[in-house]
Every structure is written in C-alpha cells, then in structure tokens.
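The following pair of complexes shares a single chain, chain A, combined with chain B in the former and chain C in the latter.
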Partner chain A sequence: MQEPTPTFAVKGVSTQPDNITQNRPTQLSFLLRRMLKLRQHPAGLLALVFIVLYLFLAIFGEQIAPYPYTQQHYTDTLKPPSITYWFGTDQFGRDVLSRVIVGSRDVLLLAFSAISFSGLLGLFIGLLAGYYGGLLDELLMRLMDIIMSFPALLLALLILSVYGSNFFNLILTLGIVFAPFIARVVRSAVLDVRSLEYIDAARLRGEGDFYIMTQEILPNIIPVVIVEFSLNFSYTILAGASLGFLGLGVQPPSPDWGLQVNEGSLYALIAPWVVIFPSIAISILVLSINVFADILGRILVGEGES
Partner chain B sequence: MVIFLLRRLAFMLATLLFISLLIFVVTEVLPGDVATAILGRRATVENLAALREQLGLERPATTRYVDWLTGMLRGDWGDSLTLKVPIYPLVTERLGNSLILATLAFVIGVPLGLFLGIIAGLMQDSWVDHLISGSLLALISIPEFVLATTGIMVFAYQFQILPATSTIEANMNWQTVLLALILPTTTLVLGMLAHVGRMMRTSIAEVMHSQYIRTATLKGLKMRVVVLRHALPNALLPTISVIALEVGYLLGGIVVIENVFAYPGLGRLMLRGVTNQDLPLLQAVTLIMTFAFMLANFLADMVYMMLNPRIRYE
Partner chain C sequence: MTPTTSSTTVPVLELEDVHIAYQSVGKWHDVVQGVSFAIQRGQTVGLVGESGCGKTSTAYAVMNYLGKNGKQSGGSIRFNGRDMQSFSRQEIRDIRGKKMSMVYQNPASSLNPALRIGQQMIEVLARHEHLSPLQATERALEMFRKVRLRDPKAIMQRYPYQLSGGQQQRVVISMALVTNPDLLIMDEPTTGLDVTTESAVLRLIAELKQEFDTAILYISHDLRVVAKVCDWVGVMYAGQLVEWGTAEDVFNRPQNPYTADLLACTPSLTQHYQSSRLSTIEGRVPAPHARQVGCIYASRCRFAQADCTETTPMIRELSSMPSHQVRCWHSESIREQLSPTFPIQAPRPSDKALSAAPSNATFLEVKGLKQYYRASSSIVDRVLGGEAHSFRAVDDLSLVIQQGEVFAVVGESGSGKTTTGRAIVGLLKPTDGTITLHEKSLSPLVQHRSATERQAIQMVFQNPESTLNPNHTIGHILHRTLLRFGITGRGERQEKVERLLESVRLDPSYAYRYPSQLSGGEKQRVAIARAFAGDPQLVVCDEAVSALDVSVQATILNLLIDLKEQTQCSYLFISHDLSVVHYISDHIAVMYHGQVMESGTVDQVFEAPHHPYTAMLLSAIDSTYHAGSSTADASQMESQADQEGCPFHARCPRKIKDLCEQVAPPIQSPTEGHLIRCHVPLNEL
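Here is the complex of A and B:
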C-alpha cells in the first residue's frame, strides 16, 4: 500500500477510493475535530486541566487523602495549617485537606447526576415541543414558564423542605428546577433545524417521527446542547452548594463544600482555614467550568458551520 | 398597547393562579399526609390527630386550597405553626426589610453592571476588556455564601470596621443601620453586576459591529453620540430580559445572604419555615417572593416595550 495519500485523508482511516458516504465524518469525529480548536485557547486548556484534576480527585479522593475524611483527632481540634495537617483541622479535629479532597466527589456526583437528569428532561421536552409545535408546544412551554417564574433556589427549598433532603430528592429537585432552561434552548434549536430540506426528505422517505427526532434532528443540535449543558452544570454546582450551605443539601458528615463552609463559619473568627479552603475549592471548580463552557460555546456554536 | 398591557396582566394573573396551585400541591397534596411528614419520627396517634385537626387536614384538598387562596387574598394568612403568631403582619414587616436590601442591591448593581459592560464591550479585546470580563467571570463563579463569609472574615474579623451580623431593629439610629447594610448589600451587588455586565458586554460588542453603527461613525458623528443614541438603545434590549431574570437570582441570593448576616428579612423567615417545616409560613413566603419576581418580569416587559417602538406582539 504505497500509493500517495490524498491531502485531506487522515492516516489510517481509509485507503479506499473516495466515496462520499465513507468519507462523511461521523458526528463524533466532527465534534472531536471542533474540539481540537481548543488548542488556540490557553485559558480553555487550563480550565480543562483543572476540571480533569477535580474529576481525578473525585474518583481517587479517598485513596489520595492523607486521612480518612471522617477521622476525628480529638487532641488536634481547630489546628492551623501545618506539616501534619496542610489545610488545618476543623472543630472535630478532622483534616480539612482530606475533607476538601473527598468533597469533590460529593459535589461533582450530585451536580453531574442532577445535570444529567435535567438535561435529559429538557432535551425530551424541547424536542417534543419544537418538533410537534402547536398545542403540545404551547402547553409544554407554558409549563416551563410557570416553573421558571419561581426563583430557582426558592422552588428547590420548598420541595426539599416538604420531602426531606436526601441524595435522590436533591437530584430530582435540581433537575426539575434547571430543566426549563435547557428545554427552551433545545426547542429553539429544533425550530431552526426543523424547516431544513433534509428533514422534509426524511419525512418523504417515510421515516417515523421518533427516527427523525433522534437520528436527524438531534445530531444537528448536539453542539448547542453540549454548551447549554456545561453552562447549567456550573449553575447546578452553585445551587447544590448553596443548598448545602443552607443545611438542605447533602447531609453531614458529608464533606460537601457548602456544608463545610456552613459548619466552619461558626469558628471563622478563630479558625478561618476551615472556611477558606472549601471556599477556594468550589470557586476554582465553578470558574474552570464557566471558562470552559465559554470557550466551548465559541468553538462549537459561535464560529458557525464553516 | 393598552390591549397588550391587559393581555400581559391577564397572563400574569393566570400564572399566579397556577403557581399558587403548584405551591399548594407540592406542600400539601403530594406527600400523602403533611402531618406525618412534619412529625416524622415523633409521630404518635394522638399528636398526629391533633396536628391534622390544627391544619384542617380532614377536609378535602380542593376545599382547603380554595380556603387558603381566598384567605391569602383577604389578608388572612393563618398562623405560623412554630412562632404561634399571625403570618400576615410578620411577613409584611420582613418584606419591608428585604425590599430595602433588594432595592439597594438593584439600584447600585444594575447601573454599575451596565457601565462596566458598556466599557468592556466598546473596548473589546483590549486589556481593559480582558480585565473587566475576567473579573466578571470570576464573580459569577463564586457562590454568594463564599463572598459573604469572606466579607465577614476580612471586614468584621480582620479589620473590625463593619459588623459581622446585620440584625436591624426599629430603635437603632440610621448610622448603625447603614453600617450594618454595607456587607450584605455589597455581596448582592457583586452578583448582580457580574450577570448584568456580562450580558451588556456581549450585546454592545455585537451591536457595535453592525452596519448602521458603521454608517453613523462614517458620517462623522462623535463616538459619544454613536454609543449613547444609536448603539445603547438596541444593546439594552436583551440586557433588560436578563435583568428581569436577575431578580430571581437576587431573591435566591437574599435567602442565603440574610441567613449569613442574620438579617431579619423574608429570606431568613423562609429558611426558618424550611427548617421547622412550618408549612403555612412557607407557603405564604414563597407565594409573596414569587409574586415579587413576576412583578419584576412584568415591569421589565413594560420597559422593553417602551424602549422598542417597533416591537410587535402578534
């Protein structure tokens, strides 16, 4: 196989003659190629590095943490940062560093589950409303309007206070609160695509509604959906942390950062480190995601189809 | 225009009705039995029956909803379960306090955000823009409770120039009240201006690239005139919608901030209702705060309409 390769061919992909169907990039490779533009954005790369670091800590946190996050050192309560306890200890003598590390697990697990739920819900509603239009669209969107006319945090507080706060309820609540935002964006993206000719072609071929929605429309709106997901991901983290801070999020002895700041704020006068480190941890995480989402938006959606 | 106003008003009332229904369903109908939910492990046959009696749970849900709604409209909001006082005077008093805080944050935060956004948008990709955009992005990434506790640690604990708690009472003199308001207001302002500023930057940068702005510049108008007369009215429109949504953020922020600073407003009252499962109190506070949010959205629509003469509402 020593024939000269065409300039546009990617090594190892295909040595066969040009064929439109075979050379058409798959959705995944298309997305990946767009993602390569990330190289031109150092801030986005840095943000990505931080996000990966947080993910790593979330997965391997308990192995990395110097102490078990619930271990109480009774003789070392509220100790300042030192060689033994890098971030100091809290009011129970628990190592703040270990709690901050393992906390990333609780924070990310909750936010990720919640955004997945609200993402799927929003995607489903947005697709239905945008595709079918008419009365169904009107009904679904008015329902979204009603949910959105509650201030997000208030609605979450209301639901959680009645049904109690546990992991499942938190996911459900945050999911419901944020789904309308995603549904709206998905709907308008679907409306843009729906009137295109290739959808008519699919319909004339006799494809069913479900096939058209999932196989023809969905791939085309994926970039918009990804950007909206990542934006709402940071909102979900902030909302989850605020709930944790108010005592209605993940419950003790979880090392959730919001909860840590809440518990530590009583001792902030004599032991500020109990508050400072989880505060920094959450701010950097959310900032990284926001920067990444910002640049993802520019790469995937902003620069158009060219 | 009058027709549009009336339609918008009718729609708002309809939504409010739905919202009241939703609040009622979420708090009283879905969990099966509220009394069991409130008492939890402390539930015994006697105190369950007593609480059901107190809440009037033996009546059908529809009757209870109608009673509750008409009560709300008449100003008879029932009694708080834990505080044992009528809710109406309690809520209206706290509402006043929260309004002071929210209004201050709004009046300072929105113009400041607009100003920063305009500067950054006009100087797009300069170092000024990078500085402002970067700071605003950092600000929207920091949770309010972190800003608030940091404020306390720096200005109350370290430098000791501002009070750590903002419990205000009627007999305090205005200097003390003002001093107590600084930290909570600043925290809310920072959040507000970040969201408003980011939106304003994007839309002014977009408008400045449009053809008609180039025409205005090329025909020799002063930069100031181009920006104020031509660019700003158009760039403000999308920002107004964001500002209306920001009020929702502000109301959520108020719950957090009031609790950090022990400020006697609606947010603190709400959390009290939440932790004590004081349902009548919770229902009333949620309804009032949601109503305030809707009113803000309504006002934003009005401003939007006044700024945009060519707008057509079907």
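Here is the complex of A and C:
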C-alpha cells in the first residue's frame, strides 16, 4: 500500500512552507489528512468496510430484510438455514436473517448513545480533574476508581435491577459504567498538555480557565479522545449484548442480538443457528471496531508527527 | 597532526562517498551525500554542523541503525577494513556493543530505569565477554573507577534515577568502553548537561583517550566542545562534508565560508551587545529534496559567485594545506576574509550604545522570594502523615531590575532560575516574598493581576516546539493576544499583527501558517512577537535561545536587542550559557541552590574577584584546557540538606572547614554594586 500521494503530501508541511500558505489547513483537514494514512493499513480498511456495512444495515435494515423481523411463520418454526430462510428460523418461526439485519439498528443505537454519553461524561470529568488537579482531581478520580472497582456488568445489573430497564436507563447505566475509562485517559492527556508552554502563554495574556480548557487543551487531546471512544464503543456493544442476554437489556420483541441469543439458548442444541448467527454478528462488529480503533490509535496518536 | 595518518595501518573506520537516504511518503531522498573520512586507532574525529545536516544519520549508518525508512544508498563504510554491508545480521549484533559502541545525548534514556546499575553493566559483560558474574563485577568496579565515579560499589547498587546526570553519563561511557571497543561513537554526549558537568565529562573523555586506544567519532553542534576534545574535525552542511582538517586548522584557519560563518555566530567572551552585533547566517539549511545544483551553501554564502550555483564543488585537498580538505571553489581567493581575526560584525554606531544604556529608574523589585516544595502531595500520604520533605527551590532571593536593562540570571539546572522567572510573571505562587512593579505590589498569581500589569510582564519560553499551540494559526495566536490586551477592533488588530510579524522579521503571510510549518527559530520569533504584543516593560526570557542552533541563536539574540532598543523594555534573561549571558546582559546574578551567590554588572562578575562558584562556571567554559583545574563536577555533589551554612560548601574548592558548613556566608561588596556571598576574604577571591 505504499503508493505516492502527490496531492495530499503530508511531508511537505514542514519542508516546503511556501506552498502551504495558499491552502491553509484547518484542524479538521489535519485530522482527515492523517486519516489518509489508513490506506497503509489493509486490516484497518477491511474493518472500516465492515463498520460501514453494519451502519448501512442499521439504517436500511427494515428495507433490506427479506421478511419483517416480527413476522411469525407458524408452520416454519426452528427451521435450519435454507434457500427461503438463509439463517433459519427461531422458535416462533421468525426469520433469523431478518432479525440479525434489523438487530444491528438496536445494537448500534444503544451502544452509540451510551458511548456518547459516557464520552461526554468522561471528557468533562477528565478535563476538570486534569486541569484543576489538587483536591478536585483526587475526589473525581477516586470516585472513578470506585466505579471501576466493580465489574462493569455487575454494576450495570445492579443499577438496572434497582431502577428498571428501559432504553433511557440503559444508556445512562452503560454511560456511567464506561465513563471512568475515558475520564482516566482524558485526564492523563490533559496533564501532558497542561504543562506545556503555550498554556502558560495563554495564562499570561489573561485567559480564563474555561477558554484554556476548551480552546487550548481540548483540540490537542481530540485524537486521544477519538481513539478511546472507538475502543470503548466495542466494549459498550458487548456489555449491551450481555445485558440483553441476561434479560436486563433491550426488551422483547426487539431483535437485539443478545436478546436473540437469550431466547434461542433453550433450543441451542436442536437449533444452533438461532444462537450462532447473532453471535457471529456481534463478534464481527466488535472485532471490526477493535481493529479499527487500534489502527486509528496508531495513525492519530502513535505515529503523530514524522 | 597525528602521525598515524601517513602510516599504512588499516583505519578503524573508513567512510567512502557514503550516501544515506530516507523514505518519506514513498520517495527516497538523499539526506547525506558523499561523506568520506577515516578514523585511525586512538584518534578522535569530530563532526559538527547545524541540526538537520546529517551528522547523526552518518553515525547511525555506521552503527547500522538506520531503521526501516532509511538506507545507505551508496558508497561504502569499512570497519577494520571490511565493508559493513558484508556483515551478517548476527555479526553486526556481535560487533555492536563489543567492537563499536555508542553514547547518546540523554544518558537517562540509555539506562534501564528498572535495573540496578551493576546489573546492567554485568549484562553487557556477560553478553559480549562471557564473564561470570563475579568476574564481571570486578571488571565493572574497575571500569567505574576509571571513569572517576566515586564509591563504585555504592553506584553498582543504585538505580539510574538515583544518579545525577553527570554520573549517569559516566556510567554510560563506562559501559560503552568496558568491552574495549575499537570504535566509540558519541552523539552530543554533553548537550543535556550543565556547564560544570560538561567540562568534567569532556575532561574525562580526554583522559580516557590516552588510556584506551579507541577511535572516537564525536558528534556535536557545539564548536567549542568539539575544539576541546577532537584531533580531526569534519564540518557537515546539508548532508555534505564541507571541510575536513585538524581541529586546530579548522577552528583557527577555516577555509570554507560555512565553517567561518558558524564560528562567527558563537558569541565570544569579548563581545557585548552595546558594542557589536553577532554575525548571522541568513536563510536556512535546504531540505533534502530542495537541494539544487551547484554549491549547496551558495544561497547563504557571503562570497557566492556566479559559478557557485552552476557546478557542484567536490571536496578537494588544498595545495597550501596538505591533509586539509574543503568543498569550495574559492577557498584560496577568500582565505584572507575568512580568518576569524577579522570578525565579521554588523557595524553599529557607538553613540547609540550610550543612549541604550539603562536608566537608573528601578521598576521591578523582588524581595525575599521563597519557593519551597513539599516532596509528597498525595492525599493518601497526607492522611498517613508521611514526612514532609521540603525542597527549597528559591531561598530568600532579592533582586532589582532597572528600566531598559538586561538582567541575567545564570546557574546550573536546579539553581532556581526558572522558578524565579515564573514567580515574577505570576505563573506560580511563591511561598513568600513580594514583587513590586513601579513601587506597586503585584499579586503573586497572574490571574489576579490587572490587565495592564499582565501586559507589562511577559515571557518567552525555552522550547520552541511547545511554545505555540499546534492547533492555532500564528495569526490566531497573535490576534487573541491583542484582543486580550484590549485591542478590540479587528482591522486595528490585523494591522498590529502584521507589524508584530514584521518586527520579528517574518513575512505577514506567516499569519496563516500553523506552528508545524515553521522552523524552530521561526517559532521562537512568533513567541517573541506574542510577548511584545502588549508593549511589555519586562520580558522574561527563560533559556529562550538554548534549544536553537548557533546561527539561529545569533539571529534571535540580535532580534531581542533590536526590540529592546525600539521599546526600551527590560529583559530578565535566564540562561545557563555564560557566553550568551556575557554578550547580552548588563547585570548578572549567579544563582546556586535558590540563592544569589554573586551579582553585579557584567564586568564585575566576569572579572576577579569571583565567588568560587562563579569561578568554577567560568573555568568550565574556558576554551583552553587545564588538566587538574579545580572544577568540581556537579555530579559529585552531596544532596543538600536544610543546612544553615553556605549552600555551596560541599562543592567549594575554597571551603573553610566548619565555618562554611555552619554559618551562612556574609555578603561582601568589593566595588559599588558588586555583591559576593562568601566567607573567603575578598582579597583572596
């Protein structure tokens, strides 16, 4: 994948400043330019293709699916994969393929909402703790330690069984459970940037804390946040699926994959396809996101300059 | 001249027309173009030049360390007569560390922080000499004694972080030498060290040269250092060797304009800003892919003629100076003008110097500044009631800065210079002490100061790489600064931004650039423009030129002086580099362990009587070399306790027993305005 890149030559940045003045790059274009390095990582590209495919299915699932995901074919219960039902049918005669396809919507929507909440929460806490330090830092980070000391799933189960399981509570719960991981990474990134001289310079011209946090520090930790966000995204999917499997996640008749595995587990010996296909769907999605996040990390944070 | 050059023995290392290329986005660029030289057994060869000229790449090629995106694209490197390319991977592994070893710039990163020094040393010996642990320990102790480490047994038991920088570098050097290698490569081995430590390490290298028969390749940007230790010197510019000769010839009779210009950039102890400007080299080193036909230095050369840009000069021997090689068409004709006896100085009218002399109006005064740090701050430790170790970064410091003067603070690292500077601008809250501006007391922290007070005191930082936010354009940074200083009109700001950029000799189009598109020197100019945005009265320059190449350093120093004359501001110039300080300052305070040991005007401080510490610093930069001079190495110093006596007593060569340890030294004043804090009577200093 070592092709010459004449139009987007990143290397020109420091060596040929005279041509750069015309096309001034913005923060976003810097990020995008870095993303072009993805071309050197075939595994990352493949993962990206899968992620885009899942997104496509999540959006257009109901149009693509061969049958409505709730339609019950009473004569065809627990049928093995065939031409009619590619992935077989479940105990109610519902088409597994259709349910897997439409299920990507529920899975991604939940995971994305949860990780967004968790990302914002983690970013907020990490910024405050890292920037102010001292007592506030100690308090916030010890609180994060307490949350992290519970196994993630156990804590989620605890909260959900007390407050009841609905979509909103699920997002809140998963958000809280995963926020400490993001907060910790953000805090350490903030600590790195906070001690740099341009922060001192901002202070010397009398900038307030809010300006320094949002304008001076935040843009510089965005790559770290994106990577951490992507990594935790896959954990959120897994946690959501696990909760679904345990019956505390998305409620029936949703085609959530975890829920499908739960419902199909009784028949797993005679009709393994009911369990296998949703599981494969989860595995591929989680794997793709993990590989992508890993390579994103290398592109945005690891190899940074040079 | 060393007799070995003419003998027929095979040189330890021989480079012949070596080319090195690096890959960047799929394309290979020759970074080093045709370097040839040889090192004989027992010789020390220096490679000097600005950063980006290919010195380190050459060393890496010799070590076969170029990595995936680099390769030796031509020529041959022969080690003991055998081409390096013909060695197998296994052979190269065996050679590295045994037959050739390398010492890097940062000793801390060359040592494994998790292993005791002894273990690391024994590992080297077990790998390369196959010694048993007992034998290896013996050898290690012997070696540590050779590099003059005190108490080698104790050193063996320590972890790297328990050693000072100088001690670490000694350990690294001893590890490199313990296998008695044929070739030792040192890449900026003293650059990160204090002057006194540097001089001790250099002395060590000079001594070891006589003890071991090792060929040394010494890489440095610092001409002064290379002149001290090397027999032969190669000057590199943009990947080419432009001059080669004995150290004496190269530094005293340079034949290439680049060498001469580089030498002229370094401030000498005879120069002062009120009488002369530093000479500079215009332009910058061309990037590898932007190199053109003809002499590579032609675009920056003062003597460039038409034919210089037409044909590329080859490195050639001079008929008048055999064994001296130079890459220049016109060496013979311009020789007279290159001689450093005719310093090239920008002429300056002397009457202007008088007008620039500082007035006597005191405008900034620091009284009784104290900054103590507690060693531990974790809440858990506090609850458990750990011992509160307090460290005195600055201890009862007072100083007065007058309008329009350059007040320099010098000292080794850890002397409290930076802390003082940061306390004055208000970036940290001192434990105690007051800072007054125009007899009005200032709030300790900058956020509590008024806008005019903030504007009055600004700062230029050390590291050009982190002084500008990489996400903001230069224009945005300056606009924002002006906005904060109350210039709200956009048009007015735009105009001011352009004027600021022009005042630091940058094109207004730079406003649209991001910091990553600027060189180190340009970034530092922007940082200076930012500091001057609010017409400050005092600019604190914290090691503002330390991270720059000599030629860039000279331009920045000239710029600072120009700006000072235009705006009548004062500088608090913090530096460890005495020659720079001598050049730019009016008043000097020499700091040690948070206290001012000596202060006075430049002449008072640089001429006797000296405080013993000042004397030590001065002898460290003295270019002539006194074996056995009294420079004590910072690495040998004891950790300072909270003692009553003189903070310097542990390292002081003039220590009066008991008295210096127990009684705080008095302040003596040999002449008006010159203060020395020492027990030793003035007439003996």
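Note that in this section the second predicted complex is superposed on the first by the 281 of 306 C-alpha atoms of A that agree within 3 Å, B and C clash if a C-alpha of one lies under 4 Å from a C-alpha of the other, contacts with A are read in each partner's own complex, and residues count from 1 in each chain.
Note that a contact is a pair of C-beta atoms (placed from the backbone, for glycine too) under 8 Å apart; a residue touches a chain by one contact, two chains touch by 3 or more.
The model shown is predicted, which means the values in this text are computed figures rather than measured ones.
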Touching partner for A:138 - first (chain B), second (chain C), both, neither: second
Partner chain in contact with A:152 - chain B first, chain C second, else both or neither: first
Chain B versus chain C as contact partner of A:197, first or second or both or neither: second
First, second, both or neither for A:65, with chain B first and chain C second: neither
Touching partner for A:246 - first (chain B), second (chain C), both, neither: first
Chain B versus chain C as contact partner of A:226, first or second or both or neither: neither
Contacts of A:205 with chain B and chain C, given as first, second, both or neither: second
Partner chain(s) touched by A:259 [first = chain B, second = chain C, both, neither]: neither
Footprint overlap on chain A, comparing chain B with chain C: none
Complex contact set, residues of chain C against chain A: 24-27, 287, 289-290, 378-379, 422, 425-427, 446-447, 451, 454, 458-459, 461-463, 466-471, 473, 480-481, 484-485, 509, 512-514, 516-519, 527, 530, 533-534
Residue ranges of chain B touching chain A (in the complex, touch as defined): 15, 18-19, 22-23, 26-27, 30-31, 34, 37, 137-138, 140-146, 149-150, 152-153, 157, 247-249, 251-252, 255-256, 259-260, 270-271, 273-275, 277, 279, 282, 286, 289-290, 293-294, 297
In the complex, chain A residues that touch chain B: 145-146, 149-154, 157-164, 234, 238, 241-242, 245-248, 258, 261-262, 265, 268-269, 272, 275-276, 279, 282-283, 286-287, 290-291, 294
Touching residues on chain A, where the partner in the complex is chain C: 2-5, 9-11, 13-17, 20-21, 24-25, 27, 30, 135, 138, 196-198, 200-208, 216, 219-220, 305
